[in-house]
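Here is the structure we will look at.
Going by the order they are written in, the chains are A, B, C and D; count residues from 1 in each one.
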């Protein structure tokens, strides 16, 4: 075990347990492999429109998702492939949407920035910065009103903390004591501009928590265990009726902002530093520490690869969506009639 | 002097001086009398449209205005009569606008919520909550860009701290180190709802200053000296290139939110408590402390009354604006042509 | 039958729907304890309690976002935006979010909510509190848009809006809050997407909305009495869905079309209707389609200016008369 | 003369105006060091420095508010709103502030600024990043509204917008950024409020804007070649001020009008033009005014759906042919 001495923490009692740990590992691996595949497909010109990968940020999506239960709702951004996959939405449907095929999650109508699977509690991905924060509050309001213990979880980036809707939502959630958890994935950049160049405080989310009477929370977003623990705490608080939390997770995206971005604006060496803190690597070491064998992980990796491969084939085989879809589902009657 | 023992502070050295003190007194009195007159005119059905009085809040307008110099810009809300008067805009023009007469500041075109006098540095009054905070930042940006030492001062209420534009502006100003001073007049209420019912922190502005790396400042907004001193500090900081400040001034409006509001939602006794802290009363005691005689004050009062009386007569004598005004000044060419 | 003000019709409508369905909740600024700044929601807080009638901070994006999130997950929220001009501060939620989430999700998401808001001029409030902005909503695919002109319509159309499974923007007219009208007893439920012919006529069709309906009616009476021109007056009531059948049918009969719009001219609802008629009923037309609108400018505050800037009865009469000459 | 892309024309236009006038400053998200997400502002930061080309936080209200405040006090700011869909998050500053401050202040305040924004579909981005929202600006009194269709027009109209004393919303089309065109050397300055007849014709007038201009031109060629219908094609270029003289003159000659609009149908710019023509040129018309628009729905993302949802050359040809039959 000596070679793992650098591992951040090594609790004697395993509060997480092997089942959950394997789950965390698997979900991170699903994201890693599915998104890596998305990137390959993009290079093959098979991903249409844009796409925003979370490579390097998998631990956050996995940690928060594993701690959720059925009925909890997720609200994601355009960078929502990871969160969608983490809630168990099939890889095929996600890749299908990125490829704008008929087997896509929304049959190509929404596109990669709007992944939605109500069945899995993924209540949409939102492409306009900040818009989904108040919407998540609404979902939490509904839980509160109906007396359920369901939690709404909303993911957003560091750059999102400077838009008005962020502020309105945090205050609103705090005043109404809503069961909503605000998760800021601080990957140091908005699109291409470093967040520190445009933000008055060092930690754009956590350093503002006190403005809403909330606790200041910053965690290592590349450590799935740390994320999972913090998620559990925040969910428990919300379910108990004690109101919202905001958690700032420090992380880094390995690739560019979107498929169009080669990320040349990063200072030399920065990516390399963060690659050393790759959440998958960290978690593989963690697993070993807790007695999960490399063979077991390799088996999971292979299973996931199979799923991703199968999904890829299914997507390639899927046709484009039929033209009739254009005029469906504007309104609840299934159609688009704005006149008689 | 014994009867004035309750006076908050009694500095041995008078840092303010008689000239400034008389100025502070006079400007408060102009606001008090002009707004009281506005209320009377409203009861006589001579004020058309709405109006939002600052009776009880005069010390803030006076203190910040007296500390300004020519070239500094003010950005006000619909509750901007006080700030407009405090910068020296003639009472007649203000009352004329409230009465929607041709002698009004904007000849009746804008109405009471949009008082503007560019000549006096009053760069508009804004009736949509929060909108003017970023606009004030822009004015400050211009000062900074042109290397002048002019300061932009923006006034807003406690309720305004919960809207998105507040947050965007504060962050923006802090990051760009803009010479802008944010003045929150906390009069405990938005329109009819107590601010404490809808805000996550006790001091809606000051308790959020740290979210923008700013100092937490709460002052007695009913003490014109305290306001004046804080204004001087903030302006000096801004002129020195050290960026924005936010100052929360505790105060209370004596009348309803707008002319339509009898303010029945207030708990019994609250108004009475605050009437004891009436800024005019406080300042009269202060003046006496520093050797300004009652006779001197009475003389000012009478002079102001004369101005207000003359203004009232002039307004009553003024016609309504001519219909030709309707189609002027939509565009810079003076007209409104959207087509050839 | 009882006589009710438009203002009281609003609170009766909200109460009717809240009493009927526990999932109907109501939020906005000063709507609860204070009964609303237009006093159109008096008594609701007392009757339905603080969990269903909730005062909010001045956070319009939070108000509409919260309404959306609740609607998407099972409630039927009513959100008040105090003045319709303020739709601009939450326009992303109007235009990009609630209008599109069903479509983008390929039908997975729903958004059954009502945004009610005080629209229109007449209070001498000036350019930022007096606008008629029905077209801000009409131009956004995915919304439904309603603007009643009478107390009875307020209740019936509001009930229809609350029960509708899609997002509805409900424009109440500030200058109508004091208007009185007969209202049937008991539950009232109307149908979205239906215009009403308020006055049959054979010489020309005049289409109006909200505050302009009364003026169009008065103008029609005068046109008949003074000039022998017999106008059919249609209250559009619902801009989306739009009752084109009613409109085209009327034009087929009268062969002339006038719109009376409170909005500033460019891209007003009347432009859309004019373009539909100029296409589909071109051969029915005997003369130009004429739009009578507020000129394309921000609104002045002063009473005498505001009074003439909106379409007046005089202007309607003159315009129709001259155009029919 | 040089061949330039529409994208490079944008940066050349900004550079031309910044070099000319020190009071021209530029702000927006990722526009500076990174050269803009559409690479339309590359090189400006290097050339004009961090005081004149400023990267902002994701705070659209702050961006437009700051531009306004600076414009009101002496600068001539250019503000970028990255995608035109995002005008919704700062719509108060567009609709209620910059458009109205001159009027409300009775001419005391000025607001000489340009808001430039990437508009339109074609990138498979879906419903929140592909809209054509020129009518969001056109409907607001007090704004000027421009949408160029070629690199040369980008420079000339942009220069006119910057030098104009009023707020101008400048719509660049995302799908035209890669378009190449001949551009004269030296300073280019065009005139707001002027449409351009790109193809004279005698049988029908087709009015188009931005991306639709090329399609209208192609359709006109095909209509002539395949069906002998000789269409006059007008590039509106400027929605406010609107060159009605050019439009009405053309209709007086051709007696037929078609619009080709990328916006969803209701209350699009074409509706306004149709209503003007149906009023003022009614007796010139030989047949219906027909609008060819994107159907009134949010935009789908998938390439094959997006390709047919906007007006295509085929659809234009078919519609005109059928309507002229």
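Going forward, a contact is a pair of C-beta atoms (placed from the backbone, for glycine too) under 8 Å apart; a residue touches a chain by one contact, two chains touch by 3 or more.
Because the structure is predicted, anything quoted here is derived from the model rather than measured.
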item	value
Interface with more contacting C-beta pairs, comparing B-D to B-C	B-D
Most distant chain from chain D by Cα centroid	B
Separation of mean Cα positions, chain C and chain A [Å, integer]	41
Interchain centroid distance [CA atoms averaged], chain B/chain C, Å	36
Chain centre separation (chain A, chain B; CA means) in Å	46
Contacts with 2+ other chains: residues of chain C	56-57, 59-61, 85-86, 88-89, 92, 96, 103-104, 126-128, 141-142, 240, 266, 296-298, 300
Shared interface positions of chain A, touching two or more other chains	107, 109-111, 114, 126, 128, 130-131, 162-165, 168, 171-172, 175, 197-199, 325, 330, 336, 338
Chain A to chain C touching residues, read off their complex	73, 75, 105-107, 109-111, 114, 116-119, 123-124, 126, 128, 130-143, 145-146, 152, 164-165, 168-169, 171-172, 175-176, 325, 328-334, 336-340
Residues of chain C that touch chain B when the two form their complex	29-30, 33-34, 37, 55-61, 85-86, 88-89, 123-129, 266, 295-298, 300-305, 308-309
Contact set on chain B toward chain A in their complex	162-168, 170-172, 174-175, 197-201, 207-208, 210-214
Interfacial residue positions of chain D with respect to chain B in the complex	25, 51, 54, 56-57, 59-75, 77, 92-93, 96-97, 101-110, 112, 141-142, 144, 164-166, 193, 240-245, 276
Residues of chain C that touch chain D when the two form their complex	85-86, 88-89, 91-92, 94-96, 99-100, 103-104, 126-128, 135-136, 138-142, 240, 263-272, 274-275, 277-280, 282-283, 285, 287-291, 296-298, 300
